[in-house]
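The same subunit A turns up in both complexes below, where it pairs with subunit B and then with subunit C.
Let's turn to the complex of A and B:
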């Protein structure tokens, strides 16, 4: 993540960019646009996740195939009938539409995968802190509590296992249920006790004494401005040029893409291009050394 | 000039007759470093909480508290938050937010500070504490020591004039605790902040204190310089004497002459000056191990363990025999595999190579139901992890034992009077005893304890050791892992040292600790080169008196 440009930018820049990119991916059905969006997202995803990303991707393929194949079963419209299934026509157009739908889903998944890596929970909460300070603090605290509950639950289960109340050792479901309930009670007690201390610690540090200000850990820089400008400019241009209309049912027809596609590609490849630019810059710097 | 002043402060919790604070009059000067000590339940925490209004408990109160010449109640909440910092015991629960930078800024945000000042303060604190490397980390990833330093830093960011620390290092291992207490001393010396601190481990803070205040049953029993207080505790035969650092305890017990030593270095000099030549009796008799090697409770042969396929090995060929009925202490630094070894002994971790035998049977062949009923049981580091019910009685009944047996065990652990209390309302020591009772109800032949003395005061340690002794006398084998080498030296039958995933050496405590020169007790370090095998303050005092008595 360290080498990704958007990960190092102000959260606002990343948020606006992903908002635009994901909106386009959710709306555009034109196969060429779709392919461009998918490839750009896939490339970005692999850059962000490296080898681990390779392992995550094949999992969604069967799901997408099912979506593509299932669409004609549910939707009998279309002109070219391939065969009939349960007395309903299975048409080529509906199948094409199914493939497009699956493509949209896949694209969205890939882009959301990038989104959640670049804009972590903390960054999103940070972004909304000035608008809803109380809510954002609650979210920050909750985000800390969930992993700490998970860790504690594992410890509690381990501790109770050593006195013979392990879930694994219980053979009957009643025993399992009783052990689970005791574990939950134990976690609740611990959490309540902890929350009293946290409340004390908050009040001891002046929480609730007046209006809270907000520490800004990120600053908007010139680069943020440039990236924001590029994002918004390219998005507007893509909408203005158009050429992304496509119809599949009852017959397949699509617009001829023109400059719009080029602008669209540029927009969605922005993170990859920015990454490449920095990479080249590094190479250049190193060569000069 | 007085920064804090309490005038005849008395306090009782609602529904309690007994006063928790009884007529406490106390003055703390600006820039002082005050150590407040006393047994658990002597009213230390209650007194400290009276110095900050938002933390003051409800109850009947008389007398008053002044801060900087004004009644404390006249200072508004924001002013108190800024000027009086309070660090508590729990490392985890004091943290509010999820990232280090946010935690540092939290107090400043609450006080409504403007952004530029806030940025500067946060940067200052991060550099003072050397936090640059983990400034953007998630707090969940930090170690216990780092978390507590972060708690301290986020309080200091508000630049308090008075810093109150209530047992801040009791949840930390000795190295992290030493590091934390050093930092507190640095804050006192470099920033001039007034510090009031309570702590069970006095070794690190006692010698440096400007003033020591001893509390007993809600009143101040003694106060003054460390040396004067130690003398008062010795002359008055007060229980807090046992909590003092080893050198000064040895000094008073030996009734020797010279300047009372506060640190190991001073203790060493004191012994050197007392015995310029080699003392006549330099060694105490060594009682040989009374356990037979053939009757083993635990027999571990060449076990290897790692937590994941690609994780590093934690145990690397441990071979170990623990005789039946002994109190075995396993010592060693952090990450040497002590806790993991305990987990393999109770079957939670299964080694991928080697074998573990309990009482002559392979651990793998003992059915799970039988294993945790009458064979092995473990008391976790935090005793609260075993509690899941509303009263201690219900906790014990959960174990499915009959009433008579519950009565027996409750009497053994001395928790009969506490059976109707909520487990979380008990003090740390009482929780430990309650959890131990629960563990003992499984009837273990092998009892495993993970860091049992963490956060215990010295008097309770002695009681706890007596309880363990009673268990071993009844035939239970007790294995504990601990950082507390003073405890191991004093009470264990055998001590083993784990290093780099293997057992280095194993011996009776006297031989074990007298052979080591760094990893040994304070008494062992201060008597090095003078006495051969003194490992406790009592040993040093005994040898001192024997030699001095011979000279006269």
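Let's turn to the complex of A and C:
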């Protein structure tokens, strides 16, 4: 986590990078590009999450298999018929396309996983605070209240258990639901009272009387400029070099990837490369001591 | 009324068809990005009108509390797979008005995804939850002015089944389909139906049991402190 360059950068840099990466992953169907995107994303995901990341990945495999197998059922075009299902042809090309689709979906999920870890809620709020100050405030307050409410709910449930109205003791659904509703209602009471107190405190401190300023936790540095430049430059280059077109139905045909693929790999491997560079630099510094 | 809002509406009337036109011209899987872009553009007017109203501290706090309640309600695990989030969002819409209902839903979806994981579904979830809150605010006071428990439950069930669920399923449709066809849509919506039924049932049940108590509490707070009073007429 600490070694990840994008985690320490200005949120704008990370946001632009992930926007470009995820857009490419959502659109490009060429298998070689897809493989490059998936591997780069997977590597980054594992670097970010470590051991825990390994356990998260297998969960999406059944879903992807269903997506791959389903495509030929719903899309009967294609030249090579493998067999007929429900009187419709199940074709090889459609199956290949299904596998590509599943790959795209998997790639997007992996990249979104990285996005969630790198661009945390506070960074997104920081990014959008100048554009939508009130909404950002609502979002940031909501994110602060959720864990607090969960703790309060646990306390309320404990109190109800003491007087014999615990959720666990209810055996029938009716009782469970009544118990849940009572919990929700008492939490609401407590929360609304709290909200009025918070609001009065905010008003007493002059909320809404002037322009809202915010603490600048991040500054755009030279490194941000370089990363932004690289992201935008490589994205533009990947689009102009092209070679990422592929058609699967009715027959499989794809362009020969040229320099475009190299540029694309470089773009998507950017976080991993930056990580490697930091790691090497660190090792080098330690050795010199 | 507001210059900023007017300009934004003008920009959107140009931007929306432009996105649609551009998206339909590009080959391949661009329809996924087109649909997401359209969705985001569709949410802008709601957000902008909320911003331009210059909400007071009390409005902001109430909406934040209701969004957080909606997310935290998920942990009142009574039955596995039971999601009462939308029930709280709908209550917010009914009590505070359609606009605040939309904001509550959208913020609840976004915030809960920061705790679980962001994904291609995030904008769709924001839109569908927001729409649920918005529709509750628009329809319930007109259709069911009595706001009886069974009326709220019925509205919740029907709204999930016809609006909230299908919008969520549309996210699946756009992410997994190889082309937009009727058979794909039918398959995705049919596969989503059991989930929507269960979701609708959970929300209806929550509204039936907790709807009126929550509403009366909100109503009391609203009358006592005058929160979001401009919004409701």
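Rule of thumb we're sticking to: the second predicted complex is superposed on the first by the 289 of 289 C-alpha atoms of A that agree within 3 Å, B and C clash if a C-alpha of one lies under 4 Å from a C-alpha of the other, contacts with A are read in each partner's own complex, and residues count from 1 in each chain.
Keep in mind that, in the parts below, contacts are C-beta pairs under 8 Å (C-beta built on N, C-alpha and C of every residue); 3 or more make two chains touch, one makes a residue touch a chain.
In this text, all values refer to a predicted model and were calculated from it rather than measured experimentally.
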Put the two structures on top of each other at subunit A: do subunit B and subunit C fit, or clash? fit
Now for A:185: first (subunit B), second (subunit C), both, or neither, which partner does it touch? both
So, does A:159 touch the first partner subunit B, the second partner subunit C, both, or neither? first
Using C-alpha centres only, what angle sits at subunit A with arms pointing to subunit B and subunit C? Round to the nearest 10 degrees. 70
Touching partner for A:203 - first (subunit B), second (subunit C), both, neither: both
Between subunit B (first) and subunit C (second), which, if any, makes contact with A:116: first, second, both or neither? second
What is the contact status of A:241 with respect to subunit B (first) and subunit C (second): first, second, both, or neither? neither
With both complexes overlaid on chain A, does A:176 touch subunit B (first), subunit C (second), both or neither? second
Quick one: classify A:212 as touching subunit B (first), subunit C (second), both or neither. first
I'd like to know which partner A:43 touches here: subunit B for first, subunit C for second, both or neither. neither
Check whether subunit B or subunit C contacts more residues of subunit A in the superposed model. C
What's the minimum Cα gap, in whole angstrom, linking subunit B and subunit C in the superposed view? 9
Identify the overlap between the subunit B-contacting and the subunit C-contacting residues of subunit A. 137, 141, 143, 148, 183, 185, 189, 194-195, 198, 200, 202-203, 207-208
Subunit B-facing residues of subunit A, complex: 122, 137, 140-141, 143-144, 147-148, 151, 155-156, 158-164, 166, 168-169, 182-183, 185-186, 189-190, 193-195, 197-198, 200-217
Which positions of subunit C touch subunit A when the two form their complex? 27-30, 32-33, 47, 50-51, 54-58, 60-65, 67-69, 71-73, 75-76, 78-79, 84, 88, 103, 107-108, 110-115, 117-120, 175-179, 181, 183-184, 187, 205-206, 209-210, 213-214, 217-218, 221, 225
Under the definition above, what is the set of subunit A residues touching subunit C in their complex? 23, 26-27, 29, 67, 70-71, 73-75, 94, 97-98, 101, 104-105, 108-109, 112-113, 115-116, 120-121, 124, 132-135, 137-139, 141-143, 145-146, 148-150, 153, 167, 173, 176-181, 183-185, 187-189, 191-192, 194-196, 198-200, 202-203, 207-208, 245, 248-249
Could you list, by residue number, the parts of subunit B that touch subunit A in their complex? 52, 54-55, 76-78, 81-82, 85-86, 88, 90, 92-99, 101-102, 105-115, 118-119, 122, 138-140, 151, 154-155, 158, 343, 346, 348, 368-369, 372-373, 376-378, 380, 382, 384-389, 398-399, 423-424, 438-439, 442, 448
